[in-house]
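Let me begin by presenting the structure, written as structure tokens, before commenting on it.
The chains carry the letters A, B, C, D and E, assigned in the order they are written, with residues numbered from 1 in each.
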């Protein structure tokens, strides 16, 4: 048995379902792994946790990984399974502010925390849609209140994770008919989303365990896609606090928007194409203003992926 | 006599009465201004949420209470010791004080990620954060109490040939008790803040985690129920100190009638 | 005599010496253990980052200093007033104290969103958070100082037919000064924590914002530079109090030689 | 006219506890100088607290200036047994204190600060504390503290002066000088004085009337008028006449102790 | 053998400030009973602090038991001018304090607590404080506090007892009783006593030698041996013999004041 401690990107929520399912159904154990899963504190924080060796593996933002490796070239962290095939970020804007298309954003005020993926990737979004980078002005606000401020009309729009902010806006009484949603992936941003990453030491000492982890996870992911409602029960089991209905919606939104995409239908779950990966890395480097460009092949390790057949997106 | 009895009753139950008044006021505001539930839920909603999930809440509350108390205990011991050093030695005073003030101006939440790397998430960082955030008031008050000790009282002991340690034990510390207990009231609140904050950043358990989880599922009533449980635990601890305080600082409170 | 002079020198410069020792130690640890830069940068790296960006840092630092000081000033005024009420009246003591302890056990960061919704992003929530987090130590210490006032001294004033207010002004407050200044040291650190925390939640300016921005671009050296600037401002404020304190509580510190 | 009046006053510090003084009735005329003597712990200081309204009687009534005492009085100067100087004020500022509190000085304080200060310095010089005005209380010797405290009781010319063993820590000569000083002040502008003392010579020399309290719960056991004319000279204390008066008081107290 | 010795001792509280005492040389034999008298503020309490090592002389040397004084002494019992009882301890516990600090009592404390307590109660009863053992200091009258403080100085049978105006707040009878008690204790098991007092009768009655200090910076101006045999009786104080001794001291002090 190999021990692996694993950190999630965020708190236990709907999208954590496949990880918890793999754990609860014993898929990890079957692969000879003893896995413990902890909640996280942000998808960039997860990179740090794994980089420092506090965790063996984690579920982290691929772009944060790019950033980390660019700043610390000696660290050879690697992504091994691309769970979110595209960055889940989106711009949400109030139609009442007259925003229907990206061009309408010019001169408007958007709010989000400085570390928000959507905000950081804004230059990509702007470039892809023919906007100046400083076309909008930003208010830095905590994730917990950006939707509130937008619902109150204090902000014209926000950036945020699609499946988080959407639900939050609804909960604050906004009608989705009054909101323009611009998912980055739909508006020409090629960035990838969250991936499973593995520490330096893991990749060096025990690559088999990493591959095994991926197999178990992949199995659970496929089953989650097939039956999200059952998958959510594992989340509820782990954390009695959650609202099952809400988390099921969140999970479904995540699956629909960033897990099941044209790319994954074509190449299977978890994989990337080198071509897009290189573009995505370049895009991240220019968007975040990084000082160097990490090598794509070193950032994502294709060898850890389960065989292609098992990664087929199930037909529903 | 009847008036005095009524007054006594009032004094005795003042805290409850005020609390009830405030709750009613809060409820009223929420209803009158139609404050949205996701911003600031009314007490009835909070109560409902609290009762519906009391088992989960109490599990998390116990964890928080545990980490808080351990961190607080370490903080009190450390604060007492360093406070004694600072209060008795001008050298230590000069050397340590500015440093400590500087250190304590820094939000402790900045250290939690570092603690997580060293100790993993969960109990240990919460304990350490509670400790780091709450030792300072104890230190400051103990140091102040000792350094404002009347030299006349010290002389009583010195004239008997008492050692520095004896003086500290027999005069310094008893004289410092009012300061010490004042600091405990501040420190316990900070200890709760510390462990909750650490839990929001790095834990799967505890009221801090509960609050984050609840807020990410937009259950503000539960968030507030968590807050209120923290507050209630704080009050509980306070009442405990108040009992002990009476024993140790009764002499100092002799002036103020019914207070101590 | 030579020894005493050396000792005086040591006492006078102790804080600098200790700080230098600690910095050297920190640098050594970072190098020896090869602590990764993104976790805990070495002082040299922090210094470098600080010098390279000093203009930006000082702009943010000024904002934080401003919000902190305003919040702190309100906290001191409020803490003094309520502390006086709590310290002089058993009824207020009983009614308010548990409530206050409960309230202060709650992490203030939970209120920032509410404040932001009411007052917008930026300065006002930072000031209010600094206030909310830092008034309690002042309140507790002032209340304790007043309630442990020696009745003999109070009687001196009462025998002249002084009003309650006179007694408070002429005996209560002067006697409470050592408590008050002790609490200022704690309160100022908390005020800094409060405004920084509020800035991390919602602001486009201030060290809190700077730290968030720096950490989101993984520039830990800059984060630590921010932390250190906060610490330094804390120490600066402390030195200011230390000067004032000497004037007001010299009488109480008469015992402890060079300390006050 | 009557200035102070006790009507069957008793006091127990703790409810239901032992009495500190018991069933005391006496009356002090305006501008009378009385002395109270009695064994240690008999309740003399307690008596003072009752007059000044710092404590309330458990039974009976106390009147000052014809009004029942309910709370602290306005027209009183009091020197406590322990000097109780405020440690954060210099000697001068301690003596200034009543002028900051008591009317009419209080409202004149702003304009006349300098004059008041001079007045305090004068008084301090009269009790031999010239040059110590800027010292803090803990820099004074025991006797010096006591003298400063007497100044504080006198400075605002109270209508009723209460002195609780004011000269206990002074040597015989200083003490006698202050007796003379006090008598002079009293004759210049008369006021009522209640003096608690252990020194029977002091009581005899200064007072118009001496009251003797019994041991235990203090009860009035004797009242002796001293008939000697004013101003009394120190030489009088060497006369047999004086010695007889002192001796009579002494016998009263001696009798208490035996009983 | 010599117990205490001053060699040209001067002391200024503030560096370069005025002297509190100046150029004092004296020596106290073992088991001698000396008294120090002098005008208020002349430096008597300062002298006591020097002997007990609470302050260091600015010039000169102080020896106790043949050793130069450097810091607090182990064999001393001291009653301060202000009683300085610890407010958080009951009377009994205040008197017990030395037994908790001083050897050999300290190490026997655990086992013999009961016995020590009984001893304290006995002593308290001897000074007339029976029944007040469990009161806190602020519940005692001034004179009662002073008596408790005397007990605290005596309880551990110090080799050198220092009393700074121990009987100042007591009435004449209580005072005389305590004189007798002190003399008895001293005769049972002799020890050295330094007594500061303003009462010349007290000094004469109790001391083997009386030292007179001058005003201002205290200097030794007279030393008078009292030849009367022990045990001295109170009756002696009514004799002309006694009166003459007292008068002589009085004249010494009188002369100081005039100069």
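Here is the rule we go by: a contact is a pair of C-beta atoms (placed from the backbone, for glycine too) under 8 Å apart; a residue touches a chain by one contact, two chains touch by 3 or more.
The UniProt protein names, listed by chain, are B, C = ABC transporter permease; D, E = ABC transporter ATP-binding protein.
On a predicted model such as this, the values are computed, not experimentally measured, just so you know.
Listed here as common contacts of subunit B and subunit E: no chain. Inter-chain spacing, taken between the CA centroids of subunit A and subunit E, is 84 Å. Put simply, the C-alpha centre of subunit A and that of subunit C have 40 angstrom between them.
For the pair subunit C and subunit D, the distance between C-alpha centroids works out to 48 Å.
The distance from the centre of subunit B to the centre of subunit C, with each centre set as the mean of the Cα atoms, comes to 16 Å. Within subunit A, contacts with two or more other chains are made by residues 48, 52, 144, 148. In subunit D, 82, 138 are the positions where the chain touches two or more neighbouring chains simultaneously.
Among all residues of subunit C, those that touch two or more other chains are 39, 113, 117, 151-152, 200, 252, 254. Taken pair by pair, the chains that touch are A-B, A-C, B-C, B-E, C-D, D-E. Per the touch definition, subunit B reaches subunit A in the complex via residues 36, 38-39, 53, 56, 113, 116-118, 120-122, 201-204, 209-210, 212-219, 222. Listed in rising order, the residues of subunit A touching subunit C in the complex are 44, 48, 51-52, 64, 67-68, 71-72, 75, 111, 113-115, 120, 138-142, 144-145, 148-149, 152, 154, 288-289.
Across the complex, subunit C meets subunit B through its residues 7, 10-12, 14-15, 17-19, 22, 39-40, 87-88, 90-99, 101-110, 113-114, 117, 136-137, 140-141, 143-144, 146-151, 154, 178-179, 181-183, 185-186, 188-190, 192-193, 196-197, 200, 208, 211, 223, 227, 230-235, 237-239, 249, 252-260.
Subunit B contributes residues 152-153, 155-162, 166, 170-171, 174-175, 177, 251-252, 254 to its touches with subunit E in the complex.
Those residues of subunit E lying in contact with subunit D across their complex are 13, 37-41, 43-45, 81-82, 128, 139-144, 147, 164-165, 168-175, 198-200, 250, 253-254, 257.
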